[in-house]
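Note that chain A is present in both complexes that follow, paired respectively with chain B and with chain C.
Let's look at the complex of A and B:
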């Protein structure tokens, strides 16, 4: 629905457009293809490639449609001999220094420059002089750079600045010598790789995927990110059962995240085909012995026999990384097969209290981008929920939103904040008491170690807002504080002001786990259990010590499998069909890109097989579709959802949470008591380094060798022409190297 | 055989966290540059401050760049971007006397090549190099706007015009 429709004539056809929309968008929405390289939706216009020239009546000369906003009665021509001549000349200029080495370029086949030039068929090249020559080199372990292919559209510098707020990559030198790069030639940023994604040529390339396959040989499967709780949509490129790369979904038909991905989503995928994957079921026949490969039949029979004997003495723990189907299968297993109450989720910090007390709807990521005021309480979205952080940054920078940050650590977003409440170490919970009214201000201000007036300023800023107020709640708040914030948010609304909530859980399916299993923790579940059935890994594997019988489903041997008596090989997210629920409540599809490797099986299938052996039907057929139907029937918020309804990732479906005004006086009282017990502490004054959480080595990320270099301080190698993996030990120490030849050196 | 020379020589800079220190008087001078611009656009002072850094440290070095990034609340890359754009900023060390010979049309016609050859053979270096004793650096620059007195060169901030081999000898002797 257009807010202020106006009439524009494009190529003789009168169409309706939004007042103030960018002309190139309007043309493209109406099927008029305009080539452009530097234009990128929602980034500051650059107008340097001069490809999007159009003729506008009553305007002298051709105009760049990426910098023109449509006005009423505008008459535009996008195709004429004059325009084509101009665009061809520009194409010729762009190709003056661009080498025509498409056959050896990783971007060949999905290159925007190639596409446009190919469409014309015969670009005449009259430039006879020597072209700029430069060797291919590395800008970081995961960003490869071929400077001569650059057409200086500066998309990379703009996404780095506007999306990531890092300014890590810029254009240096001038004139014909301009290159994209950085001081010292080595990127010490969060390594998100968005510059690679938006590059319209083969200048910036994925250093993990480099020279692995050609893009057209890959099968593209649209699925959901397995790391952050933002539920970013991505495309897995696989060939012959091997995952080669991950890119964001296509630029024009995309999921909630557009082309945005972070370093883990984009590059930490080598665990999928890693040789260390558990290949067969393993049984430890006596405690302290070795895990010995077994057949599926034997292992399932053994586990079924044991678990049915332990019955309600069994604890069932699900990892928040699993699909909804697998988590629900576990829930059904606990309820029907072993009839146990001991059910938990292995989340680091659960946000169950938040979801139980919702008094306002959840914000979608789009709501955050167009919000008027954003209150970020706790959490570190730039390191953990990167897409939320990008939306906050763009809301402030491009949308003029007001950002209020309440945090113990001066996270990087605080530099964009208009109010920063710098809480004492361990006291951020106290802020929850002051959200609604001033009655607790002086008490909370003392505990937070800030001026009480600031707390009033926050409320004033919220109550003055016209438009959307987004309350972003970090998972590092206590359950009571989460409950109070979620329950009081609803009463802040009114007078043209909408209040929306946005939680920041830590894992890709933390929300789904809460929806299905509730807020039980692994500690509570395991406390008095004799046997344990763990799917995924625990936060604290030592909880399993002394358990009589432990079953684990995992991808790799971890600290948790050390305690296991039986280990089943689980299939990774790239090998299963299913759904994840993200922090905006969007239930999104996970799709199978490759067949399960070795003998692994989807988690829900293993659970179902054990139950069947016990003699219990979990209520769904052996298919993901049927498993999801069972989930949707069991969880009120997912009522009526089926896979076909989730088919289109560009319009994600939001789960229907119960929104009501809640009585949280109990939580307020216990929060006041716990805040009262907070001891005065110092403030943390140092802003943590970029990537301190993103580059952390975990079971999954450590399988991508480049992450070892990032985690060890990302040292700059001596020779930028040779892959840093060859020059630097995983520990970050420099290797002795014989004189190395550059990878793509053309000298 | 490949050479291990990446495109831009600033790729070779070993970036460290070292931040340059300046005397209170110099810092005060830098602050006075800030006052010329609106309070929320102090990054506009980048170019005058780069000149101060170059004057104080001889060239725009890593520690100086880090200082500016902190001083103006910019990223190091922003400083790099600006400093590499302008040829007036030396991103590697130069000699005490920085000889910049104009190579543009008027000077070229009026005999710049002979002057350049003469200076370079006298100092024993090529354009772009520094003498071993660190006294002289010769660089070739574009038009310095003194075409009426071509050929000409600039040493430090001073113009030397209507050059002949003899006058060049005299000028170089006067440089200590």
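Let's look at the complex of A and C:
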């Protein structure tokens, strides 16, 4: 529905458009194809490629349709000999110094320049001069750069500035010598790779995927990120059972994140086909002995026999990385097969208390982008929930939102904040007491080590807000503090002001694990258990020491499998169907891109097989669809959900959590006591380095070799060239070309 | 043009009536000052010739933001050097003009932006500004009017594009000197997204005279549409190059070159070509000037097939090879293209490559048509006027001097001999 419809005439046809819409979008919505390179819907207009020229009546020259806002009665011509000549001449200009090495270019087949030129069908090349040259080089371990192919649309520099707030790449030199470059010749940024994603040509390239396949050979599977709790939608490119690259979804049919991904989502996929994957079931026949390969049949029988004997002495622990289906299968297993109460989730910091006390709806990522005030308490979304961080940055930058940061660390987002409450080390919980209750200000301010007036300023900012207030609750907070924040948010609303909550859990399916298994921790589950059934790995593997019998399902041998008596090879997220629930409560599909590798199986299938051997039916057929139906029937918030309802990722389905006013006086009292016990501490004054959490080596990220370079400070190598350019002279002598052209090098 | 000895000193300037106009202006209503400027028919002296009074009236009076007055002292147009003379010899006239503009527009801050190569001129300006501040012509409560105004100078790093007003503002803010999208125009959102007036040095220095004489009287020095007087920078093959002040509508161009400027440098060489308004205008051949009664004002030069531009007149005699001279200009535009938009960045590069090929003997018959087509594809399609400026010299050179191009393409590298001799 159009809010303020106006009439615009395009190529003689009168159409309705939204007042103030950008002309190029209006034309494209009405099936008028206008080529463009620099225009990108989510970025500031650039008007530099000059491809989208159109004729507008009463305007003297051809106009760039990407900068014109439609007005009532506007008469536009997008197709005429004059416009075709202008557009073709821009294409011709762009190709003058473009190398036309499409057959060896990783973007060949997906290149926007190629598409536009091919669409014209006939192109005469009148440029007979020598092309400007510059050798290929690396900008970082995972960003390769071929400056010759660059058409200087500057989408990359704009995403770096506007999305990431990092300004790591910029144009250097001028005129035809302009190159996209970095400060100091090497990219020291979060390595999100969004510059690669938005590049219309093969100028910025995925250094992990480089020359692995041609893009058209890849099967594209739309699925959900396995790292961050934002639930970013992405596309796995696989060929013959091997995952070669991950890109964001196409920006015209996108998921909640558009073309945004982060370094882990985009590049840390090499673990999937890694040779270290566990290939068969393994059994350790005596404690301290070796894990010996076994058949599935033998291993399942062995485990079923042992676990049925331990019964309720068995602890069942799920990793928050698993699909909802696998987590639910474990829950059913604990309830029906071993009848144990000892159930836990191996999360670093559970946000169960937050979800149990919701007094306001959860914010979607879109709500954050268009919020008026954002209060970020604890947590560092720029390192953990990168898409949430991007939405916060854009809300501040493009929407003029007010950002309030409460944190013990001066995280990078504080530079965008209008109020920063810099809490003493270990005291951030104290802030929760003051969200609604001003009488706690002086008590909390003393513990936080800040001026009490600032706490009043935060409340004033919230109560002055006309639009949406988003309270972002980080996982740094204790359970009591989470409960108090979640329960008080609802009472801040009023006067047309919505207050929405947004948690920052740490794993891709932390939320689903809470929804299905509740808030039990691995420590509580394992405390008095004799046997353990662990799917995934534990945060603290030493909890397994001394257990009589331990079963683990994993991709790799980890500290957890060291304690295992039986290890089953699990399938990775790329090999299974299922669902993840993100931090906005969106239940999103995980889709199988490749068949399970080696002898691995989806986790829920293994759990189901053990239960069947024990003689218990877990209540679902051996299919992910059936498993999800069982999840939806068991979890009230997921009631009625089925896979077909989750098909359209552009409007993700949100789980229906119970919103109610809550009595949290118990949590408030307990929080006051724990805050009272906080000892005075110093402040952390140093802003942590970009990527200090993103580039951390884990079981999964460490399998991508480039992450070792990133984790070790991303040193600048001596030679940045992909391959040295060598000229062969007529005499046969070799002559090496000059080193890469860098920003600041004279022409 | 005549300059007074030590004219850059405040005392000398005041002895010759300096700052009287400012005193008069701050006694007038700001709107009346703008009306006088409008009545004077003063047109921007930076090259585009936009009516100054109208530009000033675009500044929103009720904007709560700070307003800025910016002097474009970049003077990067090849052939133009009048602003240099003004700042060197008459810096207080600029200060006075900008201060009057500040009063008229409700601004308290002005900036003089000069090109990197003009650092020494800004040093002169800095001394003059300090003198004026000391004497109470700048700073708080000027002439007891309660009006506060101060000036600052700033240099770019030497880029032609920074003479374009929006690129100048980007550079002044500390960004890359890229032009900005218009609208919004600087009068509404200029420096620091606040209402800003950007004018040329010569424009500002005309303002004190306008206030002193009254707008109508000043206009009547020139013609009805092109008011007042204009400074002309003459260079090239004339006996007396330099800066000349002429009333607008001066008749005629031939007399000016042949008599006022002392005629051709070498008596036996005939006039071949004139670029009348700085390199970014159409080049004229002798036939467009000799006996044509071309008047020196905006309208006269347009009627003669070129334009007034900045008034940087380059005179060339018959020894000049127009292919070589146009190649020189094309190299300039290629070097100065900022790289923002496709047609200017790639088009100027391509044109230079073709010129290089032609002048090294590889010219092809189709090159002339190709160059015209490239110029046509740049013209009117670039982000800022630099693209047009790069296209016009090529288009006009080919149109007015086809034989020079033909000679290179037919004779190839043999044409070189001619050029070497001409340069000796």
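Definition applied: the second predicted complex is superposed on the first by the 721 of 747 C-alpha atoms of A that agree within 3 Å, B and C clash if a C-alpha of one lies under 4 Å from a C-alpha of the other, contacts with A are read in each partner's own complex, and residues count from 1 in each chain.
Basically, a residue touches a chain if its C-beta (ideal position, glycine included) is under 8 Å from a C-beta of that chain, and two chains touch if they have at least 3 such contacts.
What you are looking at is a predicted structure, and each value in this text was computed from that prediction instead of being measured.
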Message: Is A:171 touching anything from chain B or chain C once the two structures are fitted on A? First, second, both or neither.
response: both
- request: In the overlay, answer first, second, both or neither for which of chain B and chain C A:452 touches.
  value: neither
Message: Contacts for A:181 in the overlay, against chain B (first) and chain C (second): which applies, first, second, both or neither?
response: first
- prompt: Can A:134 be said to touch chain B (first), chain C (second), both, or neither?
  reply: first
- request: Please indicate which partner A:83 is in contact with in the superposed arrangement: first for chain B, second for chain C, both, or neither.
  value: neither
Query: Given the touch rule stated above, what does A:152 touch, chain B (first), chain C (second), both, or neither?
result: second
Message: Under the stated touch criterion, which partner chain does A:126 make contact with: chain B (first), chain C (second), both, or neither?
response: second
Message: With both complexes overlaid on chain A, does A:61 touch chain B (first), chain C (second), both or neither?
response: second
Query: Which partner does A:47 reach: the first (chain B), the second (chain C), both, or neither?
result: second
- line: Both partners, chain B and chain C, contact chain A at residues 171, 173-174, 747
Message: Which residues of chain A touch chain C once you look at their complex with the stated criterion?
response: 45, 47-51, 53, 61-62, 67, 85-86, 89-90, 92-94, 96-97, 126-127, 129-130, 132, 151-152, 171, 173-178, 747
- prompt: Once bound in the complex, which stretches of chain A touch chain B?
  reply: 134-135, 137, 147, 166-174, 179, 181-186, 188, 716, 719-721, 739-742, 745, 747
Field: Of chain B, residues touching chain A in the complex
entry: 1-8, 10-15, 62, 65, 74-81, 84-86
Message: Which stretch or stretches of chain C touch chain A in the complex?
response: 159, 176, 181, 334-343, 345-350, 353-354, 357, 370, 373, 377, 380-383
